[in-house]
Amino acid sequence: MLTLPQIDRVVGAALEEDAPWGDLTSETLIPAAATASADLSAREDGVFSGSEVFAAAFRLTDPSIQVDLHIGDGERFSRGDLLATVTGPARGILQAERIGLNFVQRMSGIATLTARYVDAVAGTRARIIDTRKTTPGLRALERHAVRSGGGFNHRFSLSDAVMAKDNHLAVLTAGGLSLTEALIAVRGQLSHTTHLEVEVDRLDQIDAVLAAGVDTIMLDNFGLDDLRAGVEQVGGRAIIEASGNVTLDTVAAIAATGVDVISSGALTHSVRSLDLGLDVSITAAPVP
Amino acid sequence: MLTLPQIDRVVGAALEEDAPWGDLTSETLIPAAATASADLSAREDGVFSGSEVFAAAFRLTDPSIQVDLHIGDGERFSRGDLLATVTGPARGILQAERIGLNFVQRMSGIATLTARYVDAVAGTRARIIDTRKTTPGLRALERHAVRSGGGFNHRFSLSDAVMAKDNHLAVLTAGGLSLTEALIAVRGQLSHTTHLEVEVDRLDQIDAVLAAGVDTIMLDNFGLDDLRAGVEQVGGRAIIEASGNVTLDTVAAIAATGVDVISSGALTHSVRSLDLGLDVSITAAPVP
Amino acid sequence: MLTLPQIDRVVGAALEEDAPWGDLTSETLIPAAATASADLSAREDGVFSGSEVFAAAFRLTDPSIQVDLHIGDGERFSRGDLLATVTGPARGILQAERIGLNFVQRMSGIATLTARYVDAVAGTRARIIDTRKTTPGLRALERHAVRSGGGFNHRFSLSDAVMAKDNHLAVLTAGGLSLTEALIAVRGQLSHTTHLEVEVDRLDQIDAVLAAGVDTIMLDNFGLDDLRAGVEQVGGRAIIEASGNVTLDTVAAIAATGVDVISSGALTHSVRSLDLGLDVSITAAPVP
Amino acid sequence: MLTLPQIDRVVGAALEEDAPWGDLTSETLIPAAATASADLSAREDGVFSGSEVFAAAFRLTDPSIQVDLHIGDGERFSRGDLLATVTGPARGILQAERIGLNFVQRMSGIATLTARYVDAVAGTRARIIDTRKTTPGLRALERHAVRSGGGFNHRFSLSDAVMAKDNHLAVLTAGGLSLTEALIAVRGQLSHTTHLEVEVDRLDQIDAVLAAGVDTIMLDNFGLDDLRAGVEQVGGRAIIEASGNVTLDTVAAIAATGVDVISSGALTHSVRSLDLGLDVSITAAPVP
Amino acid sequence: MLTLPQIDRVVGAALEEDAPWGDLTSETLIPAAATASADLSAREDGVFSGSEVFAAAFRLTDPSIQVDLHIGDGERFSRGDLLATVTGPARGILQAERIGLNFVQRMSGIATLTARYVDAVAGTRARIIDTRKTTPGLRALERHAVRSGGGFNHRFSLSDAVMAKDNHLAVLTAGGLSLTEALIAVRGQLSHTTHLEVEVDRLDQIDAVLAAGVDTIMLDNFGLDDLRAGVEQVGGRAIIEASGNVTLDTVAAIAATGVDVISSGALTHSVRSLDLGLDVSITAAPVP
Amino acid sequence: MLTLPQIDRVVGAALEEDAPWGDLTSETLIPAAATASADLSAREDGVFSGSEVFAAAFRLTDPSIQVDLHIGDGERFSRGDLLATVTGPARGILQAERIGLNFVQRMSGIATLTARYVDAVAGTRARIIDTRKTTPGLRALERHAVRSGGGFNHRFSLSDAVMAKDNHLAVLTAGGLSLTEALIAVRGQLSHTTHLEVEVDRLDQIDAVLAAGVDTIMLDNFGLDDLRAGVEQVGGRAIIEASGNVTLDTVAAIAATGVDVISSGALTHSVRSLDLGLDVSITAAPVP
């Protein structure tokens, strides 16, 4: 779901931010005819993401640079694995390397963290999903990385699904309508393809919400007992999302309650870049 | 050093990413005439950064929203402090809140982490500086956050200072020139305002580099003893940057060696957003 | 769901297309100090849409022009009604009038046509919805106009819902899976908020599709008898969309079969602009 | 007069509007290795326009898609004719087909309608020309389509020719100048390459206008007798444009009066897309 | 004919080029609360142009800066005259002053040079006009400056008038058509508002060109005798443009031959900025 | 230091400015199949600059045009030399020629003028450098041209070095600090890579400035005797920039005083385009 124009726009902007009028160092210290090769290798285990983005950093800097990828998005690698090889003019490779590496480290960091959550819930029906807490400007890339890690995505933006929270419910019912009546009225205003999700804080809200025919009910900050009770109460009438207090330590127990999706802002909120290395060796240009 | 066009471009793009064709939820659930107020408050101690960016998120969504800031960039706050108040049309506030909060959490996260490093080196001559390992598209904001935390910035980009590393030095001397000769030739090609920094891996490289009259010498991954020896060897002839293995645990000892600047990619590389809360209360529109 | 940046971008581009380096005629023939007023009035009955877009044409040309709207989007008007009044500097009003009128004629044309379809199905459960057959660059505006006319929108783009057609179904089942199995596998790959709609051409496909738990089933080019049979067969297990051969003459009968939504590309595909007039009277500037 | 950057900008924006973060359906249902071919064929007779625009929709989505055009802009075709063949990766073809088809249907619709007007005036000196009533954002494409149909274009925008209407004439003569004097003064302010056209409502205005040496005189909403009288009165001293009440039924009689150009907003104002079909057949990817 | 969006785009880009991430000097040396006033004054006599552009430089940097203009575009001033006063926050004024001054010096330089040519031909029928030899990106501004100096503009671009030169004429007649026949064919392909200008190098080409009914004939690099002969030969049947060898020394004699327009690339080709001064005095901020 | 995206953006904008909807003349007068070749030749001696920019004008207009350069940036040529050959479709070559020529004339004009200054100071230690007085939008190109002529660049923008002038110094010391103390405080706020340059008007300011450890001291409008005295007084403790009254007549004497860099706004402020010719010969398309 990453399109070429998207990738080129994001990576192109990053390259321009990092070298608005060229790379002074390479242009001064490296002969124009020098070539180089660079190995992208893993310094820790992980799940790969960002192959097209990595390649774009070099292609947009100098179209004559060649990028050979030895791994695909979503594949696992071990410390020491060679992930990609870059060859071509040394100046361009040196100018682009930081940006290319930065993106692939971030995306693989997200993919790897996601995969840990996914592994933790293996054997349950629960999916791991992201939230809107992504890095400004990088949402499409970070959502792709979540998928590389085996996770799924929540709605892309405020424009493509409705998520009603406590604040909204209070306003909805302020005029005297019951919650069910109010939600039925909301549903009547939505496009038939628009997903309607409602967040509840207490078990006793579930029946009123389900009576309105919502698509997903989010149980926010429920304890494990309440989650189990909620799953039973919903009884398959809606998708159940668990949210709040989701960590690598708690996620397995949450999944075991029978919920359908577990959302975690941590997947993208506080990204730890994965430790990948890009080692460049420069070949001095042949004497003419 | 943040300009208004810069802020508006970055925040405007984030808002468009998050609501390309509006906020379905607010438009469906909240009456157009409803107003709201939102309190930005601290859930942990920290250093503030991003006031103008936070305000821009609301201003660009709906110019009639009012943002009152109770703290300035670079000021410290404690858990529980009220940092800002936002008032105006409820739809716009709900649409912009996530973006406004996201930016101020990231920037304050960077400022707070930087301040810890700065505190750790108090009493020494050492400055804490950032690197080019910033989030793509957000460099200007993240550098501003580093300054809010009391840190300083390294070069902005590849275009505004020269940083020669081992790779470059190997190429420079491949043709038979001594390192000193080669660096003098490099200096002769640079603008008089361009800073020349050279990275060395061993103490025995220092004299050759200094003989060329470089501005800064970077001692990369030196142990504490070698740093001390390096400081003595340089003897004030150049600025000394220490780099590598810089953590909150090690930074005080590194600073105590007498180096001038200590650079840490961690300030911006793996950002932990600070825990700030934005609590919105909606006032149902008055019955006409 | 029209945002201010969206409106300004679309209208700003139209203004620049129509007067890239100013309005030669106004600048040559009209004194800079001349003022004007312009009345937007209806030359035929209709439903209004595009108030904010109309106003933007004048505001973006000269912020000192005042636009007073006497009708809101979605309201009906009769031939002869005064819809809006524009007052201010004559040059700016003359420069912007064609663009402002063009947009409001198109959008009100769509709203009015939609309202005819909506009126025709009154008393049934059927909604009238648009398709992706919109004018390139104007989708958000045209979708808004459909809503002004009482219609609803289908998915915004290829990115926000899945619509599987005959072509896709053939590929899906080419490997030996049954249609139900294949669609269950598809569902398993989709985000929980993503709507899954499947198009069928024959009644005997319905059960296999429903068995996979799709959200909407589209009955494409079904006759009235088959539509009725389809409605009965689906029995509330999915939303039913009727498509094909939808005209003002046929839509009531289609709605009477009990389908949920009726989509028509004609709403936006071949727009007939509504006949609205904008009569400008210029006040020669007072002698100083 | 369509430039490549123009085409790519308009088509690129349409593609992004239709699939901002990819085509969910194709990516989920169609294997990445599947190929397809698509035939563009005529479902009614017409005149072709938009070949480069059609090809751009596919090229910009995936450069490896091949588009073979069997007809050129301005050529006539019959129902059933094969107009173009598209081959390549199935995902890209499915993602781009609606946009490619949309443009070529609109442009061929305009070309075909224009050609009917042109055919209707065959044997007279009259040319058929468009107006500024084009679709916002698509003016260059729609003007090209008018030319494909054998028509000509009026001025491109408000910036490249002067067109004085009743409003302007009233202001011009408000200060006491005669119409002739005022128009001579106007001419004196214009660049020598700027065309000056004046609209008149009555025969008795013609002599005063011609005395000022205008380039074109527009006879607005004249009956056939008055048009004939106007042609005689002008006597070749200016180009004569007839405007108002121009339909396929009236245009031949208008042309027979001897006017030089006949302008019709209907050519582009209320576009009826031509019925062209694009039939895609997908080849399931070979088993590896 | 300068539009506000045009001015803001050009000036905004210049400001960003000159201070992509702020003005380090002002931010470091000048207190945020300091105010300043700046006087724009003339250091040589001239004709003013660029008032709106000058004001935009300050407005776009900081909307709270006030610009008071004491002279309008096209007005003459003498050495020592005060042309404008700028007051407001010192940082913004210092950041914007170079850009504001740069534009107004260039534009007034063009206006002043143009006025000298215009003065030199006073009393003749000849107009002074510019060419397409403008500074890339600044054409609209430079054309405006030519008008400020009393000159007129040639066509804006390649898109809005036809100018046939020797190269084109050779191609036109290569197939056996006479020049008159070929030009009549050309005219038949042009929009009725498109100006047709033909360049000739010799007197004996004039009759053939005029026989085709062109709008303007350009006599390129003709001596004074030939110009006089050309004017007589044309006899009012077309506008006559003289081009080539136009300097302040020769222009009066060229004008005296009776030509209609005299074009000079020198007006914009090699701009000499006028010597205007902008003297800033800073008021230190009051002690709080 | 010119990057490909930079060149394409600047040249692309110039091409669009010059032919927003195509080249009417070429499209009307030249057959689509005609080819042409064009020779870029020198009509005066000079130093070349702008090869990549010249080539981009043709490449961006029509990728099938071939540009062969016979000279590189920074190389000298003599009147009559053939500098480049362009071959390909005639329409595209005719459309792009003015823009391509315009850029290379400007850039070679700057390079040639710079080279005269550089030649004039040969044998001294002085470098010739530019200022921020460049053409808005073309700074990167003009700085490149200065380098082509053997000159060096001053800071790129207000964002990358500090230059303190009299105004700033007055403010700095208004609070009671000595100039040395104030500058030391300034230095303490700057990044270690930021160059600090201070302008002085009198010899007696030098010691106070140097005591603060500035990088460059600018002696503004000093006479030759004072420059010599200043050089002696500085005694190698800072780089010395001479500024003011720098002309081709005075520059050698200024250089002889021993200053390090001599800055001249004239290099780019009032550009005289070099006289280069581009002669196009069109080959009529072969009869099919």
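For clarity, chains are labelled A, B, C, D, E and F in written order, and residue numbers in each chain start from 1.
Criterion: a residue touches a chain if its C-beta (ideal position, glycine included) is under 8 Å from a C-beta of that chain, and two chains touch if they have at least 3 such contacts.
Predicted model, so just to flag it, every value in this text is computed and none were measured.
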Third chains touching both subunit C and subunit B: A, E
Pair of chains joined by more contacts [C-beta pairs], A-B or A-C: A-B
Chain pair equivalent in interface to C-D, over half of contacts matched, among B-C, A-F or A-B: A-B
Subunit A and subunit D, separation of their C-alpha mean positions in angstrom: 45
Geometric centre distance via CA averages, subunit E-subunit D, whole Å: 33
Approximate Å spacing (C-alpha centroids) for the pair subunit C, subunit F: 52
Junction residues of subunit C - those touching two or more other chains: 1, 19-22, 24, 156, 159-161, 194
Topology of the chain contact graph, where touching chains are joined (line, ring, star, complete, other): other
Chains grouped in pairs wherever the two touch, ordered by label: A-B, A-C, A-D, A-F, B-C, B-E, B-F, C-D, C-E, D-E, D-F, E-F
Subunit C residues within the subunit D interface of the complex: 10-11, 13-14, 17-26, 28-31, 34, 90, 94-95, 98-99, 102-103, 109, 132-133, 135-139, 157-164, 167-168, 170-172, 174-175, 186, 189-190, 194, 269-273, 280-282, 284
Touching residues on subunit E, where the partner in the complex is subunit D: 1, 127, 129, 152-156, 159-161, 191-195, 197, 215-216, 239, 241, 260-261
Interface residues, subunit B side, partner subunit E - complex: 1-6, 140, 156
Residues of subunit F that touch subunit D when the two form their complex: 12, 15-16, 19, 21-22, 24, 27, 60, 62
